[in-house]
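First, the structure itself, so that you have it in front of you.
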């Protein structure tokens, strides 16, 4: 060891065990992070609250149980498509065809269930399979052939419009009359079922959180204080409980019929939210999605099959588009050449981006799509209540969207200034 | 200098003067680069030629003087908007509102020239100023407030639809009857003028190229052999000459009227192409655009005013959108709520991307927009000749677009495999 | 020294477009030894490593692993042969945290679910062994790490696995005094445990301190591969900066000829010096 | 040694969210001298540099330039004061070529038009002075350069201008033997020409070879700033790894106390050793 | 796949060929499903060459198609304009090329077409207004609140429809018999958007909407699905237009009160007849003229009468061959069909 580092040999030092956090230190850290600009979902939530306050001030009807229920069914299709898009955006890719892919899948559904008379589950399965196939083809063209996803999905965007037209014979409106399919976006669960599912969900969450806490403590790793975990569980319980309570109130305006309960789409969205979040956060696959999005070359060097990941996200995206298409068809009780068209795609991408997903890949969560989708649904819902000319509505919608997004932007600017990126 | 690098002191060695290139070595190098996957504009040009061959085989009418002239006026608006978008894409930003921005500017034009009776040049100036203002606002929101450009321009996309509706009062459409404005996209130059401008252009190009060659040789820098420069000048002359010759043929199918000459939009596009290419390639500003797009942090550290660059590209983009809007208004001799809507934006972005511009910034040229725009114009033009149902047309358009893009993709895949990125 | 080298390269060529970067390169690595790969800036060291690890495909030549010819088309192939690489351009995912980066591509799981606690523990142990003291949390994104901390993470990532050949491309470039000592010690320990180690470094002190053999690249050509004990500091520097030193190295000055002593011989014979 | 330092930092604090990285740091740089800034990985050296060059804004403290307090909000402010920095994370634009990168932000022009031939010539001269031999063409994109070549470009870029203070953050980390020698010589030459130079390096040999003063950071605190002639190799290593050495450095072990000898004094007095 | 002659001689000597440009396929399904079919049939019967294309609601595309058709050598061009501006540009260009033109369904203001063939769009709106009044009267509604869901604000026909039904409803509003409720345009005739808009109308009115004037069957169906969600379907009368399969089924189910049937076959046949004549160099006399206020000329015109369809006369549409019984009377609708006398 002739001329190697001179004289002093320094003993290896342990990574310093961080001090055991307390509730207080936890909150202080959180506040320091927020002040440093690392705000997580906070801006989207604040934007949402601001919007609700404004619309309520302008139209008191905004804050009614009925309108609250409307919000869910109105936003459902966009949120579902946005959830799938998050995967694609996480890789820094784009899927412009997601809107019309949902149209194609809805058209397949309509073909089978209405025109050919198949039972609903065959049609639903066929629609989802269609979505999977679309995703496989797009993914193959992007990952294996190497055409930029913007171009592939622009081509698909055009082609799918044609496919919808061909499937539903040049633009007829095909009605969906199957009771099960119509129920998805138009019926509610009995109140007791809503409560039961809520209870189940909260209990499950509590179990997972507490187990995780125990596990980490047992291994001697740094953990949040138990109190923080409990507070989080409590918050979820209160939030979910309030929502279910409100949705279980009577909202019929007609004394003869009763209208209450949680809309059936809500548990569908919640379940998909949980499942997809699990996939992204707790499985190796999800980890690899983030890795490929963050640094594709590094992921490749780490031995990840990058092509497979890239194909898979398009499959997920198109499958979610299929589900979104089914919900849209259910809500409109019909499929036409516009299903999945017009603003659906831009709203879906917008939802993901407003929620905090980056178009450059590597950053984003499923819940972003839900929060961003909520922002967009609230804007559309509120603007609908104002009832002004289309020109006015367009302008104000644009401005409100901007406003909601600027809350987030200002927080991020702070982060950039202090060097936290 | 106690323990610094030991013993051998190596004398500084000159950067080896590369061997003086010959025509042969130049071609060999080019071929090695092409084989290595660095193909420049080649794939887009090949794709274009392939498309022309296919359409001519299907419909011999495709290859007529009349149709050749049509191509230019049909593609003009999209190409102009795409040229502006290249700047925005070079920074890795996006402008979803470019289409409707052109609509807004066209609406301003129509307002002034038709409804208020101002002379055409006032209206044109006002339209372009509108474009500049739009760009400033978007740029400010993106660069200074820090909202992602996708969100800002999505909001603008919505708002501008409303603005157009408000400006032209709902569903009415406003005719453009001013002769000068109508001429832009609908009239041709007298044949002699076409020849004169061509001559001027080719001579100017030759002058610049030869001067540059002399300059570099004088300083002893590596230069292309003179023969290569001359070949390039000759190729341009032949290409431009052929195009002008074809456009100067009689293409009227009515014996009573004559229809020949280069459409007036062509010199407009060519001049903008030259000016914007000059700005990007030969000025410090252009260099900074590439730098910010390649590595924003590095550009900032090099002392570039990144915010100013970011704002400026949106101004350029919206101004070009304004010009595109004017051309579209001229071609349609009217402005309505759909001007700049439907596929204009996607086609414009698609044009830039097909030409080789990256959505992630740092890579792209103005001529990409023209080549990509030509691909899209040819597809639309050719599909128009086929005359099939709209479902079929949509599907085939998508597929053809994909095909044209895959030429490029396959070449780039080769580049990636050999490590040339 | 074992009979067959673990890794042997024969006549590797590699061009980027018109530029030829590697020219007929031979190179061999024995298990249980540290083979240093040295050369001037731009000599082609990193390119050679990337050809071995499947990042680039070589234009010509043969790769033998344990004497058998192998095809390495991508990093997965390399990993399945037991080759681990620390790249000079570190290739970490900035959007992931330290633990996530260290286990990228080989996450520990329990059933479907990632086993985060185990990974966190293992990461902490490995990092502690590399003298990392200033990392505040293992859950920090690597984008917020200092240059040396990033490098340590990359090294820790490579040595976490049961590999047979570890290639380190300038691993200590950004490291502090104590960390460098730790890494060199680690390199030696790996070799002593029977692994083959390739160490690329510009620091001749480090190279002479830990290596058993030294391979010298000069402008894309392998000028010599010699036992460390058979050369001096000054000779190595001369070989990598001028291509030859005395009777060693390329035949002609700035040579385009073949080397006069084929490396397969020099490795065992040590040649004259 | 001149009376007022060219650059003086007083009580600089910097936190990233909940993590405090710099704590009450004092630092001064004299014109005509090479001041080495050393410290362990993650000590905060790069962060300190970035606070000076306007990449980060410090949370507290004062920056004095020629004795006058200045506000540096972004790299343009720093450049207009005559501060040039070579960053550890090199910050080159991969999509530009070598010449374009070297003149980025200060392009030479003739009227509106870029003066490419002049820039190409100047770049070639500067690079030749830094022993770069393997670069095939100055019109190569920097993405295709080797690690050392990239570093050389970054260094060449910083010394091309008439600056007053040059800060080099581990400039020789990826460089070969000859290139390192050239850069160290360049550093010395810059200082001899009256510029102030800050050199960050982990290589104590280099530090002792060229520096006039050494400033030592330990876990975000400045433990001492001393004349190079007043300390030994071993003392410096001990100071940066343990925070104190004999009477030097922080008062308490792993100290949270103030240093016992304020650096403004130590610079001139050299303290005991 | 084509042996056309290049057609690059003078216009008069060319072989007859008819080009048709349809406007879109999204605002209404008639263009692709009905017009294209009937026109094709008529042209084939007469044995003239033809090409029919759809501009997909894109003006630039519209002009491109027109250019392409002239390049392709059509001698008669029949257009459904997207707006008068582009329409006029196309017609004028055609004129300079010696191509004869027909305005189909939509009049190009200031244009130069030889004929105009259409339904009377204001009359359509009037039928819708009257239909709503009839249905409300049948229900015996007292001072009903009326919601209006207009078509796309950018579609001139939507404005004409609105003029028609507003003419009827305004007298009711003025006489305080009816109350004017929310009144909104649906961008791009988008049905999904229409659903949201109507749902918000309901919210805003606290559910107090007693009659809905929906401008076509698609919008009507969107309204009906919202009403169904609130279990109000059948209680609130909804109008429509186009006599689509969906609309007719909704009428049979009692969810929709009426639709307007436009005998597209008649319109197509009339237009085709004129076009074929023009192509063969004849010039037929038109039964009437329409005043073009902008071009200040009387355009020879064929105007067809729309027809209101209620449950009672759904059978007329089937009898006309517009919709087949098999398609209409599937499963659940068989009984309703019998009841309504569809055979």
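As written, the chain order gives the labels A, B, C, D and E, with residue 1 at the start of each chain.
Criterion: contacts are C-beta pairs under 8 Å (C-beta built on N, C-alpha and C of every residue); 3 or more make two chains touch, one makes a residue touch a chain.
None of the values given here were measured: they were computed from a predicted structure.
Contact with chain C and chain E alike is made by A, B. Averaged Cα coordinates give chain A a centre that lies 46 Å from the centre of chain D. The mean-CA centres of chain A and chain B are about 36 angstrom from one another, to the nearest whole unit.
Computed from the mean C-alpha positions, the centre of chain C lies at a distance of 29 Å from the centre of chain D. Multi-chain contact residues, meaning those touching two or more other chains, occur in chain D at positions 16, 55, 132-133, 135-136, 144, 177-178, 180, 204, 237, 241. Of all residues in chain E, those touching 2 or more other chains are 25, 32, 36, 56, 153, 185, 187, listed in ascending order. Along chain B, residues 5, 8, 10, 161, 165, 170, 343, 389-391, 393-394, 420 each make contact with two or more other chains. Going by the touch rule set out above, the chain pairs that meet are A-B, A-C, A-D, A-E, B-C, B-D, B-E, C-D.
Those residues of chain D whose C-beta lies close enough to touch chain A in the complex are 15-18, 50, 55-57, 204, 233-234, 237-238, 241-242. Chain E meets chain B in the complex at residues 1-2, 4, 6-11, 14, 22, 25, 32, 36, 51-54, 56-61, 63-65, 67-73, 82-86, 88-89, 93, 96-98, 110, 152-156, 158-159, 185, 187.
Across the complex, chain A meets chain E through its residues 59, 61-62, 64, 66-67, 70, 73-74, 77, 117, 161, 165, 169-175, 177, 182, 186, 252-254, 257, 259, 328, 331-334, 336-339, 341-344, 380-381, 384-385, 387, 389-391, 394. On the side of chain A, the complex with chain D involves touching residues 5-8, 10, 28-29, 32-33, 35-36, 38, 417-420.
Residue ranges of chain E in contact with chain A, taken from their complex: 25-26, 28-29, 31-33, 36, 56, 153, 182-185, 187-193, 195-197, 199-204, 206-208, 217-218, 221-222, 224-225, 228-232, 244-246, 249-250, 330-332.
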